[in-house]
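One structure is given below, represented as structure tokens, and several questions about it will come after.
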Amino acid sequence: MANLSLQSISMSFEGKKILEDIQFVVKDAEFVTILGPSGSGKSTLFHLIGGLYKPEQGHIFLNGEEITGKRGSISYMPQSPSLFPWRTIVENVLLGAEIVGQADKGTALQMIEKAGLLGYEHAYPHQLSGGMKQRAAFIRSLMSPQPLICLDEPFSALDEFTRVEMQKWLMNIWVEHKRSILFVTHNIEEALFLSDRIIVLSNRPATVQKEFHIPFKRPREESLLLTEEFLAWKKEIYNELRVIV
Amino acid sequence: SSNEQGASSEENEKELKEVSIVLDWTPNTNHTGLYVAKEKGYFKEQGLDVDILMPGETGADQLVASGKAEFGVSAQEALTHARVQDIPIVSIAAVIQHNTSGFASPKDKNITSPADYEGKTYGGWGAPVEKAVLSSLMKQEDADVEKVDIVNMGNTDFFTAVKRDVDFAWIYYGWTGVEAELRGQELNMQYLTDYSEKLDYYTPILTTNESMINENPETVSSFIAAVSKGYTFAKDNPEDAASILIDAVPDLDEELVKASQKWLSPKYQDDADQWGIQEKETWKNYSDWMYNNDLLEEQLQVEDAFTNEFLPNKE
Amino acid sequence: MVLILLFIIWEISSHLFAIPAWLMPPPSDIFHEGITGWSNYNGHLLSTIQLTLLGFMIGASFGVIVAIGLHTIAVLREIVYPFMILSQNIPIIVLAPLLVIWFGFGTLPKLIIITLVCFFPIAIATLDGLKQTSSELMHYMKMAGASNKQIFWKLEWPHALPSLFSGLKISATYSVMGAVISEWLGAKKGIGVYMTLASSSFRTDRVFVAIFIIMIISLSFFALIALLEKRVIRWQSKGGEHTDG
Amino acid sequence: MVLILLFIIWEISSHLFAIPAWLMPPPSDIFHEGITGWSNYNGHLLSTIQLTLLGFMIGASFGVIVAIGLHTIAVLREIVYPFMILSQNIPIIVLAPLLVIWFGFGTLPKLIIITLVCFFPIAIATLDGLKQTSSELMHYMKMAGASNKQIFWKLEWPHALPSLFSGLKISATYSVMGAVISEWLGAKKGIGVYMTLASSSFRTDRVFVAIFIIMIISLSFFALIALLEKRVIRWQSKGGEHTDG
Amino acid sequence: MANLSLQSISMSFEGKKILEDIQFVVKDAEFVTILGPSGSGKSTLFHLIGGLYKPEQGHIFLNGEEITGKRGSISYMPQSPSLFPWRTIVENVLLGAEIVGQADKGTALQMIEKAGLLGYEHAYPHQLSGGMKQRAAFIRSLMSPQPLICLDEPFSALDEFTRVEMQKWLMNIWVEHKRSILFVTHNIEEALFLSDRIIVLSNRPATVQKEFHIPFKRPREESLLLTEEFLAWKKEIYNELRVIV
């Protein structure tokens, strides 16, 4: 179970206000996507939830318990793969689980295969392509057992087909394990296809500009992407974002 | 005091011949005559400008042999080793007539003769000569050197060593022994000279190299003349001599220098006719002893090792 | 190869300029003495090697422990850092009597000296290595809720390994010399003793044999560490090394 | 502060256990001698500081040049590396007479000894720093057609700076001791001379004054380098330092 | 002028064949995009053109001159931003130009403003968001004067609007300076909108699967994206890629 609630979060770097009075919730087993211009503060928001920094103002609660500045409550995939150069891929993938003491090599190898990295289990990160590193980091976050997963642009370096593969996989895991997901992407289609709710951040200083509840029924099929309704939604969100930039 | 004299003879300073002498250790009362000769202008009278150098880690013998310094302070034992290894240095004067070294122990250890060494711990520096000397001494009292525990105490000084593990060690009385007196630490002392004539070797001595002797005998003569005068002064005026040394090397401990000087002054010339004289007997005895104790690889050519020819003619 | 060339030049110039053997013996003499005198010094050799190895191991462990301690406990750093520097500036002639008083003439004071010589480069280098971990990976570890212990063992430690080896190499080089110096503190056996005796009886050839032995031990020791480094640090991409093209 | 505490403990235990002053004088004695004897040693002090600074600068430059040379010319590395290690293993008692015989009693042989002591840690640390540049940035430089010189100055050199400073800190610590040792090579002035004389006339209080002077010089010198490091290396994110939370 | 020609290029890593018999040309002032699944070898292809590696087989010509294994002939933007951590943004942006000796700070500052990084000229890379770093790397490649620009997924971390801004900017520069561009993206729309020609690589080992000549007239307007023809093209390429994965 994971029920995240952000209460009027503010944050500055070197005197520049980055986040201002951010407020939203992620309910149990909900899939929420954050959209916002580059540099608006999405990754910073993740860092705050993860407890890397303390917000200047505001509080963060997970399941009613305050986790402001507390670490280890989320499973996290950073924007840059951040693989450890001295660990092989399988060792890297296991890292997140290792930290909470639940490494399971068998599952890891299965997942590596599923991510199309078969034959690279024992390679070092510098031997992988950009997209392959991203997939490794993605598996690493899936292997962590925390009920809230925060994914920061997890598929940005993937081709459309691998991306769809990964999306489907993520959906399956989400449905199966009822985890909550907080997701950052720049791809509006992806956001629409995956999310229950989309939160649009404004430009610096970022505030919650708008929230969209996405009504598509699940399970969603790829054909959804071609429906009128989907295109209408896409246009609406597109226009919302256009206002900001 | 030296400055005044330096100023008065400034004009002929340019003609002075520059030479240097390397000490065997840090400056101490063994070297007083050298400092007296320098400060009182005896060298200058002889047309020399002498630089007194501390050897640091270098050791004087090689420097003298290689000509980097004209003169040096050494000891008979070292020079014997050196000559056997074809190092061309020659002893030109004995600073002290008789060996003032011996085995010392704090009084409370109750070591009064070499016989008492048995079962005790000797602290040395690990040279084979030590065991040989101990053995020579102990044999006279039918004691067995094998029963002495010989430990190497490296650079540790006497006072530290006897605080821990070590019962007795080999010291020069004129410095370490005098220091013990000053500290009020009573010592038992067995001098080598009291037990064996053969061990009455010269230490320290003044040295030069063979090419100096062959090519610049006058310089050597002038040098020795001045030094001789210096040591004679030190013999006759221990207190003034001590002050000169302290002025020249202010970092020395004044009290120790004065006491040591008082003890040592009569020993420079001692029973000899003249300061600096060396006997062939002494050289031969000790080198034979060394050879017989396997401390030397071959016999020393005694005649070449020393010379008295540069000592001033007795007035 | 270059060494051999150097020996030849040395040999020839020895004869050509008639350098006296007591000043600098020709290598052929040294070599001859090195072989015929084997029985004279092999006991010394063994004793020094033992002392070096033992001292180096203690020194290295101590250095690593100090580095870890100072790194993890920030308060300690300020307190201990100056002492570390001071420890490198106590002249042996002062330390020797104190060590002897406290510990006698046994192996212990010698090991203390070698330790003192060896631990410092290792501690400084390791400490610097620990400090300079990539901030990206550090962020990941923190976000993933890694404990300080995990951050240390999974991130900082492997990251500091190259620096540690840099320190180990410097120390390995010093350790032999440290052992020789410590032997002046009173030993019955050892290359240091052998050399002092040779030097006091003007056996320059033996002095040089001793030096060569010291050098050979050091070189082998350094090579050993370098080999170990290669085996332990296998993950590095070779990117940095080909500056040739 | 801790130092002061230590002094107090030392003072008290000196009196309490009646440790004889010639073995280890109480700090009050040392302090007293340090003040009243100022005129005795200030000449020595200046001379040693000069020698240290000059020697360190030459040693550091030499170390850096050696590192650069070995790094850029791969052939050189194999040839020179063993010699570097060997240079650290020539005992002073052997080197001293040779240096004096070759260069007399002037400043030159002393500078050679300090250089010998200082250059090695700098060279090794810098060399390791130069080798470990990030392969990603190296690839960029090569792809952009950077010449070896550019790769060196724009990438490898700035990347090696932290390692260089690590080496400088080690060497700065050694340099004072190196200067003191070099003064045993026959100097007329210097803390080394002062200390030897004090020690041979059993003036333990002066020996300790000398030690404290050596330590103070070293500490200030180290602090200077650390300060310089802070000013030069300003770009590092602080990510690695907060292990506290 | 830039006229690139790849002639039957093959490449393996550790025995795995990555590229097989790749053959294509980029004509003067042409805009060519490479599409292909993640891990197929697009970045490797760039590395070969840039001369970072030598191909196992085949030759690369630029304007008739062989540049196989020769560096510095292209202006390059790597897939990961690869900014130098010790350089501020403006210094980083100037790096590419510096290497060929043509740094112009005025233009750099203008471009930084145009990329929306105003106020961050003197920030260090770790203070930037992922997308901001990418933009900085993008400017850096534009500032290099070589006539062939190779861009490896330059806009993958940007939101749709910033991305379109950057695309337009790139078009302007391309038209104005008549440079040739080789472009990697996973975004089919982007490829269609920008390119004269699209080359589709197959999966490992990669071969040239298909080449498309894109007939849209220039200048292209954003409205093009909504035309029937555009959608038809998109579908065709989508299907071509689907075959591969």
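The first chain written gets the first letter, and so on, giving A, B, C, D and E; residue counts start at 1 in each chain.
We adopt the following convention: contacts are C-beta pairs under 8 Å (C-beta built on N, C-alpha and C of every residue); 3 or more make two chains touch, one makes a residue touch a chain.
A quick note: this is a predicted structure, and the numbers were derived from the prediction, not measured.
Student: Just how many steps, at minimum, does a route from chain A to chain C need if it may pass only between touching chains?
Tutor: The distance in steps between these two chains is 1.
Student: What are the mutual neighbours of chain A and chain D in this structure?
Tutor: C, E
Student: What is the chain whose Cα centroid lies farthest from the Cα centroid of chain E?
Tutor: Between chain E and every other chain, the largest centroid distance is to B.
Student: Count the C-beta pairs in contact for every pair of chains, then give the pair with the highest total.
Tutor: C-D
Student: Expressed in ° and rounded to a multiple of 5, what is the rotation angle of the C-alpha superposition of chain A on chain E?
Tutor: Superposing the C-alpha atoms of chain A on chain E needs a rotation of 180 degrees.
Student: Hey, how far is the Cα centre of chain A from the one of chain E, in Å?
Tutor: Centre-to-centre distance between chain A and chain E: 27 Å.
Student: Using mean CA coordinates as chain centres, what's the chain A-chain B distance in Å?
Tutor: That gives a centre separation of 86 Å.
Student: Measuring from the mean C-alpha position of chain B to the mean C-alpha position of chain D, what distance in angstrom results?
Tutor: 37
Student: Averaged over CA atoms, how far is the centre of chain D from the centre of chain E? Could you give it in whole Å?
Tutor: 50
Student: Hunt down the residues of chain B that sit against at least two other chains at once, touch-wise.
Tutor: Within chain B, the residues that touch at least two other chains are 59, 62, 66, 157, 160, 163.
Student: On chain D, where are the residues touching two or more other chains?
Tutor: 23, 93, 101, 135-136, 139, 142, 196, 199, 236-237, 239, 245
Student: Going by the contact rule already set, what residues in chain E reach two or more other chains?
Tutor: 51, 71, 80, 126-127
Student: Touching chain A in the complex: which residues of chain C?
Tutor: Within the complex, chain C contacts chain A at residues 136-137, 139-147, 150, 154-155, 158-159, 161, 233, 235-237, 239.
Student: Tell me, which parts of chain A touch chain C in their complex?
Tutor: These residues of chain A touch chain C: 46-47, 50-52, 71-76, 78, 80, 82, 84-87, 95-96, 98-100, 124, 126-127, 144, 146.
Student: Once bound in the complex, which stretches of chain D touch chain C?
Tutor: Chain D residues touching chain C: 2-3, 23-24, 71-72, 74, 79, 82, 85-86, 88-91, 93-94, 98, 101, 120-121, 124-125, 128, 131-136, 138-139, 142, 148, 151-152, 156, 162-163, 165-166, 169-170, 173-174, 176-177, 180, 195-196, 199, 207-208, 211, 214-215, 218-219, 222, 236-241, 243-245.
Student: Taking the touch rule as given, give the residues of chain D at its contact with chain B in the complex, in rising order.
Tutor: 22-23, 40, 92-93, 96-97, 100-101, 104-105, 183-188, 193-194, 196-203, 206
Student: Which residues of chain B touch chain D in their complex?
Tutor: 22, 25-28, 53-59, 62-63, 66, 68, 157, 159-160, 163, 179, 183, 249-253, 256-257
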